[in-house]
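I've put the structures underneath this note.
Each of the two complexes below includes subunit A, the first together with subunit B, the second together with subunit C.
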Partner chain A sequence: MALLEVNDLRVSFDTAAGRILALNGVSFSLNRGEVLALLGESGSGKSVTASAIMDLVPNPPGAIDHGSIRFDGSELLQLPRQERRDLCGDRIALIFQDALAALNPVYPVGWQIAEMFRIHGRTVQGGVEKAVIDLLTAIGIPDPERRAKQYPHEFSGGMRQRIMIAMAVALEPDVIIADEPTTALDVTIQAQVVDLLNAIRKRSDAGMIFITHDLGVVAELADRVAVMYAGRIVETASVFELFDDARHPYSVGLLASQPRMDTDEDELVPIPGSAPNPAALPSGCAFRTRCPRAEKLCAEVVPHLETVGPGRQVACHFPVSPA
Partner chain B sequence: MSFTYFLKRAAFAALALAALMTSAFFLVRLTGDPVDLYLPVDASSAAREAMRVRLGLDASLPVQFLDWAWDMIRLDFGMSLWHNRPAMDVVLEALPNTLALGAIALTLAFVAAIVIGSIAAVNAGGWIDRGVNVLSQAAASVPDFWLGLMGVLLFAVTFRILPTSGFGGPIYWVLPIACLFARPFGTLVQIVRGSMIEALNATFVRTARAKGARDGRVTFVHALRNALLPAVTVTGDLAAQFAGGGGVVEVVFGFPGIGKLLIDGILKRDFAIVQASIFAVAVVIFFINILVDMLYASIDPRVRVE
Partner chain C sequence: MTDAPAELLPARERRGRRILWLVRALAGDPMAVAAAIWLLIVVLAILADSLSLLGDNRISLKARNLPPFDFSQSWTLWLGADALGRPLLVRLIQAASTTIGIALMTVLTSLIGGTLLGVIAAYFGGIAGNIIMRICDIILGFPTLLVALFGLYLFGPSVSNLVIVLAVTRMPAYIRVARAETLEVRERLFVDAARVFGGGPVWILRNHILPSVAPTMLTLASVNLAMVMLFESGLSYLGLGIQPPAVSWGLMVAQGQGYLSSAWWLGFFPGLAVMFTTMSFNLLANWFRIVNDPSQHWRLVSRRR
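For the complex of A and B:
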């Protein structure tokens, strides 16, 4: 049985433009020790998926309308609020994108890491103080005793993101959700942070959901990829299959729009048009207005995820044929 | 806050104080001649002249000013004309009453506003929030003389449980404190509510939730400390106003504070009392500002000066 299983999740938000569907039937599963990349452009529903798992969808205006999130055999959406809260941080942890905004500016970083132990009533051999110093050492912060007493604004962007990671993994969670953890960082620092995150994950054999729009990071880190578009998952595949043999026209478009070292193609091909307005999605397949393969059927019937191979699913009436 | 920083602040404050006292010197002399007020209308011009000489008002204004400046440098504020005692002694009797009255009213208002403003912010848009909004708007906009008179009418005249005015045991403090409490409370509730709503929507509050923190901890440990700065700023401003005396409230209740002393001093053309009051209040305001800065630094590490 999968460690985390999300099934037909639907989340909507009340906005000035009316009720919008942020997630429109999202399903995926995550196994222990596996890295699943959620890939997609801004507004495709990646972060909302993370919020739904962490019980962070603001209500109102947001609401989880339908679906299930099973974690380690229990249905999260039916757990009492307090029990769900207790799982957060302890067994499922979230790493935010912008560590400067995500760390509390008025408390020392050591205090914020130690809070993880205090909230969940964890005692550790040698004391929480020592556990914090050990964590800071493990993520490569020099002079950890002194740095633990400093405040977030006294650290560089890369260091702050490392602290965010140390905090998230402090209690060795079973699932780590990383919501674009490298987007706000310099390219040189990005690689270091990704390596660190992967090393820490491997040590505890945690499953990880890595949310990103960066195909380079996906190639380096992920085992499997779920491509999201307009609140739906349109394709799931192993990372090799996706790069070699993408089936959904959107996945193909994404790959063609980013530079690659392993092909002779010189030219980058952008996907025409822009992401659809979530308050007025096209009928049928939401991608059809930008899709080179769209036909009449695409405007009439919503394509659902169909299994097209072992561990491979595509939601498209006219998928790109196997290479 | 380093000692050199404190000295620098004190030097600037001394300059400002010198300018303030100089303008006070000229302004009180614009209120009129005390001799006209204290001697009967039919007093002889010899008697008038004798009093002027006694008060040092016979010399030309520049000479008076130099005399006065020399006194100020020695912190000699002269004799009160009305009380016939050293003016600073009279001021230092009234000042603690005002400071105690203001401190109690403001502390109560601050604490109550934090609790009620936070509760309103957590329930933003709900009926609790709307109730708090009406209450705080009313408290912030009711004039204190009206509140004072209504308080006297209700509790002193109708129910006869509180004294109308005067000074003595704790019971004499109830109505003045209640009147001074209302406006700061109303204003601070609005400010705390606004900054708490902002803080509760901040990403670091999401982080706290993602860490598994319970609601109370999220609100009062993570959000509140970030929301405190605006409330501290406004409280500092209000404290500086209150240091000058509860004004109308002190007069309405005959409360012997610095505000009443100052107003009486002006009406009685008691120049020494007016100048000594202004000086004492300015020094208190200087220390209030230092205190506010220290509070800032202890609440938010980002404003700490190295």
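For the complex of A and C:
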């Protein structure tokens, strides 16, 4: 059985433009030791998915209307508040994109890492202080005894993100959700952070959901990819299958609009148009207005995820044929 | 809050380190040092008074409106004497405990009560929040002086009634500011982060919201301290505050008013005491704000501010 299973999740928000569906039936599963990349443009619902799992959807204006999130056999959406809170941080952890904002400016970073142990009432062999120093050493912060006493504003962006990671993995969670942890960092630091995340994850055999719009990071890190568009998952595939043989026209467009080193193509092909307004989604398939393969059927019937191979699903009436 | 592993040390050693750090931080701000010295003098004066080390405070018609700086007299008369010949310095010292006692108790009551109510109203919202805010609106709807006069007329002028009336009429300002600050702070990402890491509402309020709200509240309190001292003197002037023979700085200013042209020192020295004290609290509040904001700590060590 999968470690984390999200099924037909629907999340909506009240806005001035009316009620919008941020997630419109999202389903995926994550196994132990696996890295699943959630790939998609801004506004496709990647971060809302993470918020829903972590119980961070602000209510009001947001609400989880439908669906289930099963973690290790228990249904998160039906768990009492206290039990759900105990899971957060301890067994499921989230890494935020903006580490500077996610760290409290009035506490030294050592205090904030120790907070993880204190919230969950954990005692550790050798004391929490030593555990904090060990974590700082593990994420490659030089001179950890001194740095533990410093405040977030005294660290560089890459270090802050690594401290965020140290907090998230302090209690060795089973599921790590990383919400665009490398987006705000420059490329050399991105590589460091990705390597660090991968090393830490391998050591504890945790499952990881990696939210990103960066295909390069996906190729490097992920085992499986779920491509999201307008609040739905449109394709799931292993990372090799996606790059070699994408089926959904959106995935194909996404790949074609990224520069690649392994082909002779000189030109990048952008996807025409822009992401649809979530308050006024097109009828049928949300992608049809930008899709080169769209036909009459696409405007009438919403395509659902269909299994097209082992571990492969596509939500399209006219998928690109296998290469 | 100063260093992380210190948080993890035994309580006694942790407190020791914190006090040491506070002393170092105080030395970095000369204005705060001056303010601390003035407040220390006031505290010592109050102590001396309560231990009755002050000596003579009798009415002496020979010394009526004696001018100050006559150093041939006993030290008690160096600041002159009042209309009944009582030594002004001794009166000032006696008034210090009443004035500061009332001001501190009032401000502390409205600070603690107002902050808690405001934070709760903002963080939990709902019916409780609505009730708190509507009561605030009602209190703010009446002129403060009218509420104070009416309250003191009904319950009689005494120190405790004075504190209650002043605290209640001041509290809505604290509630509103605390609520506004909390509404802003609770949307910050680090509060979400604490929730994601499993922190409950009490944990988040205590460790993440209150420390962020505290500096603003303390600034408001230090400003209010001066206002309360002046307000108390106003009420005393109207005969509903401190009752003679008890004395406060405000009452002394009020009593000296009639002699401004003939004996300026009667009103001048108590006024000066009020000014120094409020200024000291303001300076210390400013220092405290810097101490509580790690990204401002460089101000305590740098010569270039």
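In this text, the second predicted complex is superposed on the first by the 323 of 323 C-alpha atoms of A that agree within 3 Å, B and C clash if a C-alpha of one lies under 4 Å from a C-alpha of the other, contacts with A are read in each partner's own complex, and residues count from 1 in each chain.
Just so it is clear, a contact is a pair of C-beta atoms (placed from the backbone, for glycine too) under 8 Å apart; a residue touches a chain by one contact, two chains touch by 3 or more.
Computed from a prediction, not measured in an experiment: that's the story for all the values here.
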Combined model on subunit A: subunit C and subunit B, fit or clash: clash
If we overlay the two complexes on their shared chain A, which of subunit B and subunit C does A:P303 touch? Say first, second, both or neither. neither
Just checking: does A:P105 make contact with subunit B only, subunit C only, both, or neither of them? Give me first, second, both or neither. both
If we overlay the two complexes on their shared chain A, which of subunit B and subunit C does A:P278 touch? Say first, second, both or neither. neither
Touching partner for A:C88 - first (subunit B), second (subunit C), both, neither: both
Taking the superposition on A as described, I'd like to know which of subunit B and subunit C A:M116 touches: first, second, both or neither. both
Just to be sure I read the superposition right, which of the two partners does A:G207 touch: subunit B = first, subunit C = second, or both, or neither? neither
Should A:V128 be classified as contacting the first partner (subunit B), the second (subunit C), both, or neither? second
Based on the superposed arrangement, let me know which partner A:G253 touches: subunit B (first), subunit C (second), both, or neither? neither
Which partner, subunit B or subunit C, touches the larger number of subunit A residues? C
I'd like to check the shared interface: which positions of subunit A are touched by both subunit B and subunit C across the two complexes? 54-56, 82, 85-90, 93-94, 96, 98, 101-108, 115-116, 119-120, 151, 153, 167
In their complex, what parts of subunit B are in touch with subunit A? 202-204, 206-214, 217, 222, 225-226, 299-302
Could you pull out which subunit A residues touch subunit C in their complex? 54-56, 82, 85-90, 93-94, 96, 98, 101-111, 114-116, 119-120, 127-129, 132, 145, 148-149, 151, 153, 167
Subunit A residues touching subunit B - in the complex, by the definition given at the top: 54-56, 82, 85-90, 93-94, 96, 98, 101-108, 115-116, 119-120, 151, 153, 167
So in the complex, the part of subunit C that touches subunit A is made up of which residues? 1-8, 188-190, 192-200, 203, 207-208, 211-212, 292-295
